[in-house]
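Heads up, the next two complexes both have subunit A, just with different partners, subunit B and then subunit C.
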Partner chain A sequence: MSEPLSGECRDLYGLILVAKRDQAVAMLLEDVERSGFTDMFSRLLEPVLNEIGENWMAERISLAQGYVAGKVAEEVLLASAARGEKPPAAGKGPVVLCCIEDDYHALGRKLVGIFLRASGWDVTDLGNDVCAPELVDKAVATGARIVGASAMMLSTAVNIHSVREELDRRGLSGRIQLAVGGAVFRLRPELVEEVGGDGTAPSALQAPALFDRLLARSLSLFPEEPA
Partner chain B sequence: MTQSPEATIIACGIFRKELAALGYSHKGAEKLVCLNSMLHMRPSLLDELLDGMLRGKAQRHLLVYGDCCPHMDQFARMDGVRRVAGVNCCEIILGHDRYRELRRAGVFFFMPEWTRRWERVFKKELGFTTQETAQEFMREMHTRLIYLDTGVGEVPRDTLADIETYLGMPVEVFPVGLGQLEAALLAGLQSLNAAGDA
Partner chain C sequence: MTSAQRVMAAITGDKADRRPFTLTLSLYGAALTGCPLPVYHADPAKYLEGQLAVRDAVGPDILFSPFVLPLEGRAFGCTLADQQTGPPNVRKPAFRSIEELLDHPQPRVDADPGLAYLVESVRLMAQALDDEAPVAGILTAPTDLAAMILGLEPWLEALLFDPDMARRVLEITGAHFRTMSAAMMEAGTACIVTPIMFCNPRIINPELARTTVLPALREAFAAAPGPVVFHHGGNPLSQYLGLFKDVPNVLGFVLDERDSFIEARQALGPEHLLMGGLSGPHMSARKPQDIRLRVKQVLDDRREDARFILASSHADVPLDTPLENLLAVRDAVREHV
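Now for the complex of A and B:
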């Protein structure tokens, strides 16, 4: 359970819930002007996103409110980048995301991408209906230590197992960690292991913490070679 | 030889009128039970309901559902239970190939029953209470909107016009008929009967 929100966080949270997106973005960018992106992120945006994540998991906020939260974070990130501001811990490294073969539920994947970028990851998003070889090829090409595969339903979640098989076949398991996500994993957590996932997060907002853990695991198994 | 008990069809209410048009009813040879289609928005509750209806029952059941709740696969593997083919209601009504082709093209589908309840779905269930957010979301996620005209009842032109206005995209009317649904039901019942004979 997160700490109670400060007054200004409650204001921002309220703006997001009623879809006053322009006002929410303006409030955050004014704060960036005053104190910089890193301070704004840790003091305002991050706690509000955490609150939204908790309420999303508890089904107390709607799909539309989650979508607005993602768009607010995305707009602030882009506007801040245009001003030369970098997210905290920028340069965490490349990751590759997709909805797995036959899955077309893009929202969760897009939100994960937004929140990972806000946390300093260099995200390549391959989109919907991506097969395992394409995902692993892109991870190898970009040097990603983590790939994320999303599926909404059981019938498509099982397709993620082909990513594990592809990683095994190329001897990349461990080095490249497999993050899995989507509604069905929250409702049937045992599926994470069944499809060969290395980990999952209960919501898009918790994805950055998961990716931090998976990177640490990858580096512990296969340390970076000195340049 | 013991006679197999009559089958019960448990269907999503989204198919209620289409199933009636095909001759399935609660008084028919296969008893029909339709559940509220809004359970699609509450998959855990649908799980609980189906579990209660299926577990430990001697009766045979055909599920006219897609992959709509987290344990649907386990229900469909129970003794005396089968499910029609298709990941969701749109694939059941369109058939596998056409569904995949349109879904890959970024289509969002309106089934007739949910079209009548579109305001509840979009505004209350999904929370798109502002037109601006709804329009941006649909433009970002989908390329086309298609109404699947099963031929049961009139195409609700006025409602589709309201949807077009709210979502800011045209709604195409796509005649699909009942052939794929009928074929899925027959295949499901055959599979159920074959399992009963085994």
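Now for the complex of A and C:
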């Protein structure tokens, strides 16, 4: 359980729940003007996103409300990046995301990308209908320790197994962790193992915590070599 | 009793010789006949052949029209991508903006090969089955069709931030629903089954559902020339049924496997038909003995509920499901006392 929200956090949370996106963004940017991005992030945005994530996971709020949270976070991050500021936890490392071959359901993947960026990950999003070699090539090229593959339906989720096969074939399993997600994994959690996934998250807002765990696992198996 | 009589007994709440059951085996007909999916999803005669094979092999009490919702999207201009193990998927939405949609003419059933395939499949099935078993026609709900033809994100943007524009979109998709439901009814379908995601409070806020989406669904369903079955669409529904119980012309609800039928009855009262109990996408991975146990548990739970049909929920039963899994359902239903 997260800490009880402060009054200003509750105000922000309320604006997001009723889809007052512009007011929520304005509130956050005004706060940035007063106290800087790092303070705003840790005092306001982060706790509110955590609260929304918990309630989304507990199915107390809707996908649409999670979407508004994502768009608010995205707009604030873009505005802050334009000022040359980065999230406080920036520098977690590169990750690569995609919807797997034959899958075209982009929304969940986009939200995952937004929340990962807000948490300091350097996200490369390859888009829809990506085959396993392309995903693994990009992970190798960027030095990503984690790839994320998304699928909404059972018929496309099974294609994620080709990523596991590609990682195995190149001897990269363990070093590169495979995060999987999409509606069908909530319905059939056993699919995570069936397609060779290393983990999943119940909602886009829980993706940063999953990626933190997978990075730790990768580093424990294959520690960084000293430069 | 015939399947049709058995299903009718469930609708009217009368006793039948046994509990009716159905599984969404739209896709599975292709597995039984070995028909390539692109042919199966384009040729009504091949679809009929597959469904007759389903009837002969499994014997469900209700058969379904093709479960290929993207064909309705294609009629508006969506680009589809074939899949090896399922129906085609929407690769690209039809419109880049809502304004484009507003300027687009309604697709005509007789002029679009995909829509004509859906309707003609119903016609051939109804003729072949000759009142022995009802055919249920599957159609995209107006609110979900909007997401398909515009894309999920633009549709959410409209629902959340431009409700007047969202209502205009729903007028168009609602008109399509009325046209298609009329065509399917004329062809011989007994009812329309429509999976609905974008009215479920797990997808959109209840307030949005009440103010923007539900009025459009009410209008579309009221104008359908036959009964509509409200399918849960992929999310649990029983806890939200209070929102939907007064939608006109709704014969019943197909619930998620995770739903509670007791909760559903508390919300709806005794009149509506309830369907569900088995998750379609789980059917390939479960063992026959587990399926039999599940069926028994569901039927025991619904023993006193005459208006219940055991049915698969969620999406179609997967193509690679062992036939013995489906027979386990059939046998467990037949043996249940």
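Definition applied: the second predicted complex is superposed on the first by the 227 of 227 C-alpha atoms of A that agree within 3 Å, B and C clash if a C-alpha of one lies under 4 Å from a C-alpha of the other, contacts with A are read in each partner's own complex, and residues count from 1 in each chain.
One rule holds for everything that comes next: a residue touches a chain if its C-beta (ideal position, glycine included) is under 8 Å from a C-beta of that chain, and two chains touch if they have at least 3 such contacts.
Predicted model only: the values in this text are computed from it and were never measured.
Enquirer: Sticking to the clash and touch definitions up top, decide whether subunit B and subunit C on subunit A clash or fit.
Expert: On the shared subunit A, the partners clash.
Enquirer: Does the superposition put A:Ala64 against subunit B (first), subunit C (second), both, or neither?
Expert: both
Enquirer: Counting only touches as set out at the top, which of subunit B and subunit C does A:Glu190 meet: first, second, both, neither?
Expert: second
Enquirer: State whether A:Tyr104 touches subunit B only (first), subunit C only (second), both chains, or neither.
Expert: both
Enquirer: Which partner chains sit in contact with A:Thr156 here, subunit B, subunit C, both or neither? Use first/second/both/neither.
Expert: Once the two structures are laid over each other on A, A:Thr156 reaches both partners.
Enquirer: What stretch of subunit C clashes with subunit B when the complexes are fitted on chain A: 8-16, 26-34, 242-250 or 260-268?
Expert: Once both complexes are placed on chain A, subunit C clashes with subunit B in 26-34.
Enquirer: Output the subunit A positions appearing in both contact lists, the one against subunit B and the one against subunit C.
Expert: Residues 19, 21, 61-65, 67-68, 102, 104, 106-107, 110, 128-129, 153-156, 183-184, 187-188 of subunit A touch both subunit B and subunit C.
Enquirer: If you look only at subunit B, which of its residues touch subunit A in the complex?
Expert: 43-44, 47, 66-68, 70-73, 87-88, 100, 103-104, 106, 125-130, 132-134, 136-137, 140-141
Enquirer: Under the touch definition given earlier, write down the residues of subunit C that touch subunit A in their complex.
Expert: Answer in residue numbers: 81, 83-86, 89-92, 152-153, 156, 159-161, 201-205, 208, 234, 279, 281-282, 285, 314-315, 318.
Enquirer: Enumerate the contact residues on subunit A facing subunit C in the complex.
Expert: That would be residues 17, 19, 21, 59, 61-65, 67-68, 102-107, 110, 128-129, 153-156, 158, 183-184, 187-188, 190, 194 of subunit A.
Enquirer: Residues of subunit A touching subunit B in their complex?
Expert: 19, 21, 61-65, 67-68, 71, 102, 104, 106-107, 110, 128-129, 153-156, 183-184, 187-188
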